[in-house]
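Presented sequentially are two complexes of chain A, the first with chain B as partner and the second with chain C.
Up next is the complex of A and B:
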């Protein structure tokens, strides 16, 4: 054991025991971030903050929520919304944050794609991030079930049904997931457990992993320049701050993050108080009724693109059932982004505007995702069904051609 | 400059997507309907006739009080809600406030032919008849007299809750108004109203959130516009009474609205101050490195 001398301050006392000074350097004041960044680099801190809002508001909601099909709806819409002091505020904050966090996740994700921050050493950042996206999706879906409104029930019905498409074990799998032959009380209670325990704890673990994956390859920058961190850090520490290409996480990087966060929170609280219907679907204020199917069943906006890939294939092709094709495409859509680092065959890290073919590919992907999202909500009839079909087909093709597209760019540069 | 360009792209794409999944999608799923018509132009109502309330009193006593109570005129209900429900399918309304909450033209048209005025003729086919008989054999002047009488006896002021009770509560409950006491559940027993309407009319506690005030405005005025073939009759509320019904639904279903609207700007002002200080701090830190 190290020799302990009398501490002159509380800080020193902890430093002797926990090495806090060194810890602070490693995590904050000498954790180096590139200087050449824009506000898109603040999305991580926005996400961490929004997740914090979700946890805190969720804890308050959990104090009054009752995971029982006979009590759930009224515990949310009467007890929390009308009776508990500021219960409505916590519910609005929770519901809106759950929706807005996906907007930020998508911005964060496409920033990574645009600047090529997923490859050549940064694969684990990307993969841990996509795992976070998947767990957040599961958390969003399980949470949506809890108010036990019409959309909760029917979304649960549709989504759990999908597992029936898994070969051989499908039917048994559906019953296993639901805990009943139907979406019922057992289903609600287990999704409550997933939503308040297993998924949040998994997310926290994955966030830790995601932060750790950044340590070795470092954060990318706007021009994807390769930085000698030791050299640049030396410059910064010796006072040559203006010439150094890096900044410390605390206070320089975080100061920019907080400024962006300020703008984001204005937007977020505006939604919480004045514009929340997009995140708290009016249909879900009708209690769940297994005898009445809503006229239109649609998932929350952030699932619409993959939902449209699922239902885009609405007719049998070559003897394969439409449902099976859709399900396979949906399965692919959910892992497509995870495979990105391995589909990109360009050996260099460059932002999209320096990769002519990839640049076009990126904007086609964005356009296709927006078309899929919009048509994922519209009734799939007439021309809508065909738009959905071609957009879903396009999604598959877009990912299939990525290796070729990236090779062409590399070839042009003579690599 | 570059950051502003990026911001414009991010905001632009977000807005396009938002427009697609919210205003556009909802417009596609719920086509807009014509404005609410509180003059009930389509009905064969009073046609400008002015009735005589004294004559109306005698006519109402002779023709209506066998089934309808009129508490304000000392005609109490003859049977309990349960017996009424079993006898008629639905509890007949007390007529005390009818002259206040319903349009005069609609009342006249309803007395003549209830199913037609309520736009529920499709419910009464194959021998099924509306529990209230048609009075279209009566001279139009007598009907005008009855309407005039009902308008004379009706209270001048009614609370939102009273209007809701008289207009809606015979079929619909609104349980959040009295969660513990249960006094605001539907007056007609569930089994009777289910048999009469074909399905149990929904509890209206959260309809202000699930349907919204704009939808309710046109729906209550004429349910067939949004739900073709629905068993719910057009009830003929005048503009003021319908506004009171919707206000009541908001008082019950969105009881924290005023608190929300009061607190919102304060949160936003706080966030603006936070953002200003955050920007000042950011500028001071980044000045050192640029």
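Up next is the complex of A and C:
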């Protein structure tokens, strides 16, 4: 054991035992971030903060929520909304944060795609991030079930039925997941467990992994320049801050992050206090009824694009059932982004505006996702069904042509 | 040296064996904890009286938490091998959940239309549009006079079920 001398301060006392000075350097004051970045690089801190808001508001909701089909609806809509002091606030904060966190996740994702921050050594950053997206999706879905309104019930019905598409064991798997022939009490209670324990703890683990994956390849920058971090850090530490291409995470980078966070929090609380309705579907204020499907059901806005890919294929093609095509396309849509580092065949990291073909590809992808999102909310009849079909088909083609598109860019540059 | 290594390997492998067996049992136990409870599996029987039904107007009943459609066919509706014939009347009996993803289709004039993904079914329960991969499912039932009992597998059920199996 190291020799311990009498400490002159509380800080020194901890330093002797936990090496806090060194830890602080590695994690904060000598964790180097490139200078050449913009506000889009602040999304990570925004996400961590929003997740914190979800945890805190969730803790308060959990103290009154009852995961039982006879009690759940009233525990939310009467007890929490009307009796608990500020219960309404915690519910609206939780619901709005769940919606807004997906907005920030999408911005974070598309920033990564635009600047090529998913490839050539940064694959694990991308993959751990996509795992976070999937776990957050599962958390969003399981949480949506808890108020036990009509949308809760029928979303649970549709999503659990998706597992019926698994070959051979499909039907048995659906019953197993639900713990009943129908979505029922057993289903609600187990999804409550997933939502308040297993998924949050998985998310926390993945966030740790996601942060760690940044350590070796470092954060990308606006011009995708490869930086010699040891050299630039040396410059910074020797006082040549102006010439150095890097800044320490704490206190320099974080100051800008916190400024962006301030703007974001004003926007977020504006939504919470004045515009929370967008996250509170009116249909979900009818108690769950297993004998009546609402006239028109749709998921929350952040799932609409993949929902539209699922239902876009509404007719059999070449003897394959529409159900199976839709399910396969939906499955592909959920892993397509995960495969991005391996579909991009361009050996260089460059921002999209320096990759002419990829630039066009990127904006077509954005346009298609918007079309899918808009039509995902409309009833799937007549012309809407066809727009949905072509947009879903386009989504598959967009990813299928990516290797070709990226190769063309590389060829043009003579690589 | 090699002696030590062998002993250590042996200890390692024996732990792996113990862990594999224990882990296997644990997984089976956890899987079973998520199975439907006995009280759910023993879910009851529902008796439906067919005599008050009006032709062309389907009614919905509840069985094991699922909606059951019973339609007494009108003259204009085409016959199907799926029809349950009781006396002179023809009935369609079906689980009222879209075979796509389980929403309840609503009766619109002369078809069941599903709001979720646009699927539709004709009065014989056959899918006519959209993503449903097969006709509406048949609940097990038996005929007793002018009533049917959901949950029992009677000969009429078996006959229609065998026909549907050829239609998949």
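The criterion applied here is as follows: the second predicted complex is superposed on the first by the 415 of 415 C-alpha atoms of A that agree within 3 Å, B and C clash if a C-alpha of one lies under 4 Å from a C-alpha of the other, contacts with A are read in each partner's own complex, and residues count from 1 in each chain.
Here is the rule we go by: a residue touches a chain if its C-beta (ideal position, glycine included) is under 8 Å from a C-beta of that chain, and two chains touch if they have at least 3 such contacts.
Being a predicted model, the structure only gives us computed values, none of them experimental.
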| item | value |
| --- | --- |
| Which superposed partner A:252 touches (first chain B, second chain C, both, neither) | first |
| First (chain B), second (chain C), both or neither touched by A:350 | neither |
| Touching partner for A:314 - first (chain B), second (chain C), both, neither | second |
| Partner chain(s) touched by A:184 [first = chain B, second = chain C, both, neither] | second |
| Contacts of A:304 with chain B and chain C, given as first, second, both or neither | first |
| Touching partner for A:295 - first (chain B), second (chain C), both, neither | both |
| Chain B versus chain C as contact partner of A:379, first or second or both or neither | both |
| Touching partner for A:282 - first (chain B), second (chain C), both, neither | first |
| Contacts on chain A seen with chain B and repeated with chain C across the two complexes | 295-296, 379 |
| Touching residues (chain side chain B, partner chain A) in the complex | 2-3, 6-7, 10, 13-14, 16-18, 20-22, 24-25, 28-29, 176, 179, 202-203, 205-207, 209-212, 255-256, 259-261, 263-264, 267-268, 271-272, 274-279, 281-282, 284-286, 288-290 |
| Residues of chain A touching chain B in the complex | 35, 38-40, 74, 77-78, 81-82, 88-89, 92, 103, 107, 241-242, 244, 247, 251-252, 255-256, 258-259, 261-263, 265-266, 269-270, 272-274, 277-278, 282-287, 295-296, 301, 304, 366, 370, 373-374, 377-379 |
| Residues on chain C engaged by chain A in the complex (per definition of touch) | 31, 34-37, 40, 43, 60, 62, 64-67, 99-106, 114-118, 129-133 |
| Chain C partner contacts - residues on chain A that touch it in the complex | 154, 157-158, 161-162, 175-182, 184, 186, 190, 290-297, 310-311, 313-315, 321-324, 326, 379-381, 385 |
